[in-house]
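As structure tokens, here come the structures.
Two complexes, one shared chain (chain A), two partners (chain B, chain C).
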Partner chain A sequence: VTNSAPSMINLIGSESDSQRTLYPYVTGTSVVGIKYKDGILLAADMGGSYGSTLRYKTVERLKTVGKHSIIGASGEISDFQEIMRNLDELILYDNMWDDGNSLGPKEVHNYLTRMMYNRRNKFNPLWNSLVLGGVKNGQKYLGTVSMIGVHYEDNHVATGFGNHLARPLLRDEWHADMTFEEGVKLLEKCMRVLLYRDRSAVNKLQIAKITEEGVTISQPYALKTFWNFSAFQNPTAGAEGSW
Partner chain B sequence: MDMSSGDLNAPHSMGTTIIGVTYNGGVVLGADSRTSTGMYVANRASDKITQLTDNVYICRSGSAADSQIVSDYVRYFLHQHTIQLGQPSTVKVAANLVRLLSYNNKNSLQTGLIVGGWDKYEGGKIYGIPLGGTVLELPFTIGGSGSSYLYGFFDQVWKEGMTQEEAEKLVVKAVSLAIARDGASGGVVRTVTIDKDGATRKFYPSETLPLWHEELEPQESLLDILSTASPEPMIS
Partner chain C sequence: MFRNQYDTDVTTWSPAGRLFQVEYAMEAVKQGSAAIGLRSKTHVVLACVNKSTSELSSHQKKIFKVDDHIGVSIAGLTADGRVLSRYMRNECINYSYTYESPLPVGRLVVQLADKAQVCTQRSWKRPYGVGLLVGGLDESGAHLYYNCPSGNYFEYQAFAIGSRSQAAKTYLERKFETFTDSSRDNLVKDALFALRETLQGERLTSSVCTIAVVGVGEAFHILDQETVQGLINEFEIVGEEPAPADETAAPDQGSSAAAQGPSEDVAPMDI
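After this line comes the complex of A and B, so read on.
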């Protein structure tokens, strides 16, 4: 999932016509999500990058939406904050009906898709890739929406770098009805690889769990990393100047 | 498409160093005093810490025009809000008003802001509002081009629950360090400390600041050095 070169947008209408977001400022990196036996697990780190600077290190990119869903966002944080305002209002109005019904993950995902796609059509996207997971009436749901409105559901999803680094791991190792422990270990494996290989990753993450009982988001924690390969000790011994 | 200046889309910070720090009982806001137009220093004694209400101030960085107009609008709205509310507005409301302007005009504005103040509900609070209009409530935050030189410094020395004196000393030291290395920051260090009793402005001219690496003690004139020096002061 890619965005067209920003410079092309200028060809289709003059600058003065309308406001359009040309590029993001404070950004979050990958979000990874899987279905497991009891529900859904999402993982995201807590970094808010400002260009190449790792500026904010305690940004919550996983948020609960009502009683049944959790949203994870990558991309521009200010746009995510705006999306959350819209979602909180949606949930509030839903609760005000007081009719015993509540918006489930499928409905929320659809709402997000419409929001993102309609903004994309106006050439003023919300610069985010979102993961929406939830459980309602025993039904597990895991979906994703991109900034141009591409949306789909699957047993495992990822955004950003996660598409390239996490999804191959998930394709290999995910299976139906994983236990909570297996699920967490798999997500942590993905997050560790992202920490090694994604420049904008920070070592402080949260894992969110959604089951029929409810939604919870873990407190922030850091992962151990391994650097003790013998090949790392003296890699340029036989070829000085190389790396 | 201008290619010579590299990646035009990377966020870039502009002239200034601004800091906001919470302590046990309030907040300290700090800034340098240099406003530049290109390479020329247009104002060497500017005041970048602007009042929004009696209990809320804002540090401005980036475009002087953009930050001033945002402050003016927010001050105007807060004034009316205070009258309607019947009591001092909260820091959170001030920060949210700034957010509305920054976020909804993100394509036109180039200003990074720090909102800091004290209210009776939450005490001292600092909100960072960088380019794009993200709002983050933080124990401390830094901004402006000079802030690049302070990330490591704050990572090392920051601690929760400082006293007012510790917090003020930290802010002054930090702005002073940034001024030493950032060409776009300079002049004097200004601070505003806000607690339950209100806001206090302080001013630190360069003589009061410590000297850093490779900086020399300022002298009136070489002639003074010569007169007090040993027989062979002029080295050939």
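After this line comes the complex of A and C, so read on.
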């Protein structure tokens, strides 16, 4: 079996590489999500990085999906836009049945998983990590899918750096049935840590809330940051060679 | 119905605007042995008469499980019914795989109806010669549908198809208003009574019938012979339902279609 056999063409060889994703270009960073008393809260900043340049600062990475779900995406922004086109079409056809049935967050999450996994199998992934949350008939749902199709549900999820910096905070401080205020406070704490420590983070974020009643995505706002640590006061005090 | 010059092709209209091949397909349903369905708010019961061609052979399978939450009973060309059941099972399993959620009955029924319609508009095909009573659950509760060879489908509280189904329909028409809030066991009992009507005097035993149930918290399953015989014995001891009075069928309440054979001027599928 040579490398020019039809089944091999898309897999190997620099000519055929123009047919598939090799690396991402414009990327979003972490998304963090938690379940709270009335539903789900998602948080993400509005940054679109171009490598190490913080190039775009008004990228909406949280979107509604139908009546019952919200999605947050990190990774390649153009792939997220493609995913949104697919999801909007899915919801449209679901609505066109006009029969009282509707796709809930669990169904959408599974559909996304199939989409991501099938692309991964073709060596042409959608370069995203997604968070999918929603409420249907009183049932809260929060899940995540990665670019290779790894998927799971939990009470709190995050993508990218959020897994390393936010999840530990959530493991300590999340509890069932938090109020909206408590939830937002906890998410802001996570986002603040990410802002301090993630080089692709920008200080302009949105928080999305979904409950049985519907979806609200907040206007963008900035977090207060705190720099008056005593060690910053006289940074050179006690340094080698100083007096 | 009589032969005429417009009935050779399914793609030939008659001057009266009828497709005779489709109507003949619906005749095939009427010739099949009876199948009955009834539903409450939470359960659907499907029942059918299972006659075998000889003592030596086994019974034809007329009730199929399509998924945990959907089942179907058929009347007419059972081979067509088997093939359509396979299609339905496939649709259900594909939906479950993609969405991790059961396919709503209402949507399956529309897909089935669209499939049947295709066969009424292709010159190289023939309509499916089978009527399906589809019983299943979705978000809004229990549903019973009837799918016709014409590609039409209707939702019913209770319905009967196949030979001598009129007798069952008469019984169901008397009692259908009680079905919505009926208990599961009473629903099964009513199914057995309705089935007995189609046997016209012949003894009802578990060897001539098949019963299946699906409900909230109860996956679709066919009741085994013992259970069915037990239920039959129960109500025969308790006392029989009064014989159906000779009243004319109530004007179309949606649970009886084409009570008399198709008249020369109205196509049955338009009712």
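One rule holds in what follows: the second predicted complex is superposed on the first by the 221 of 243 C-alpha atoms of A that agree within 3 Å, B and C clash if a C-alpha of one lies under 4 Å from a C-alpha of the other, contacts with A are read in each partner's own complex, and residues count from 1 in each chain.
Operating definition for what follows: contacts are C-beta pairs under 8 Å (C-beta built on N, C-alpha and C of every residue); 3 or more make two chains touch, one makes a residue touch a chain.
No experiment lies behind these values; they were computed from the predicted model shown.
In the superposition on chain A, contact of A:Leu62 is made with neither chain B nor chain C. With both complexes placed on chain A, chain A has more residues touched by B than by the other of chain B and chain C. In the superposition on chain A, A:Gly51 makes contact with chain B only, while chain C stays out of contact range.
In the superposition on chain A, contact of A:Asn110 is made with chain C only, not with chain B.
Shared contact residues on chain A (touching chain B in one structure, chain C in the other): none found. Looking at the complex, you find that chain B touches chain A at residues 1, 9-12, 102-103, 105-108, 128, 130-136, 138, 148, 151. Across the interface of their complex, chain C is touched by residues 97, 99-101, 103-104, 106-107, 109-111, 114, 137 of chain A.
Chain C contributes residues 97-101, 104, 106-107, 110, 138-140 to its touches with chain A in the complex. Per the touch definition, chain A reaches chain B in the complex via residues 6-7, 19-26, 48, 50-53, 55-56, 59, 76-78, 81-82.
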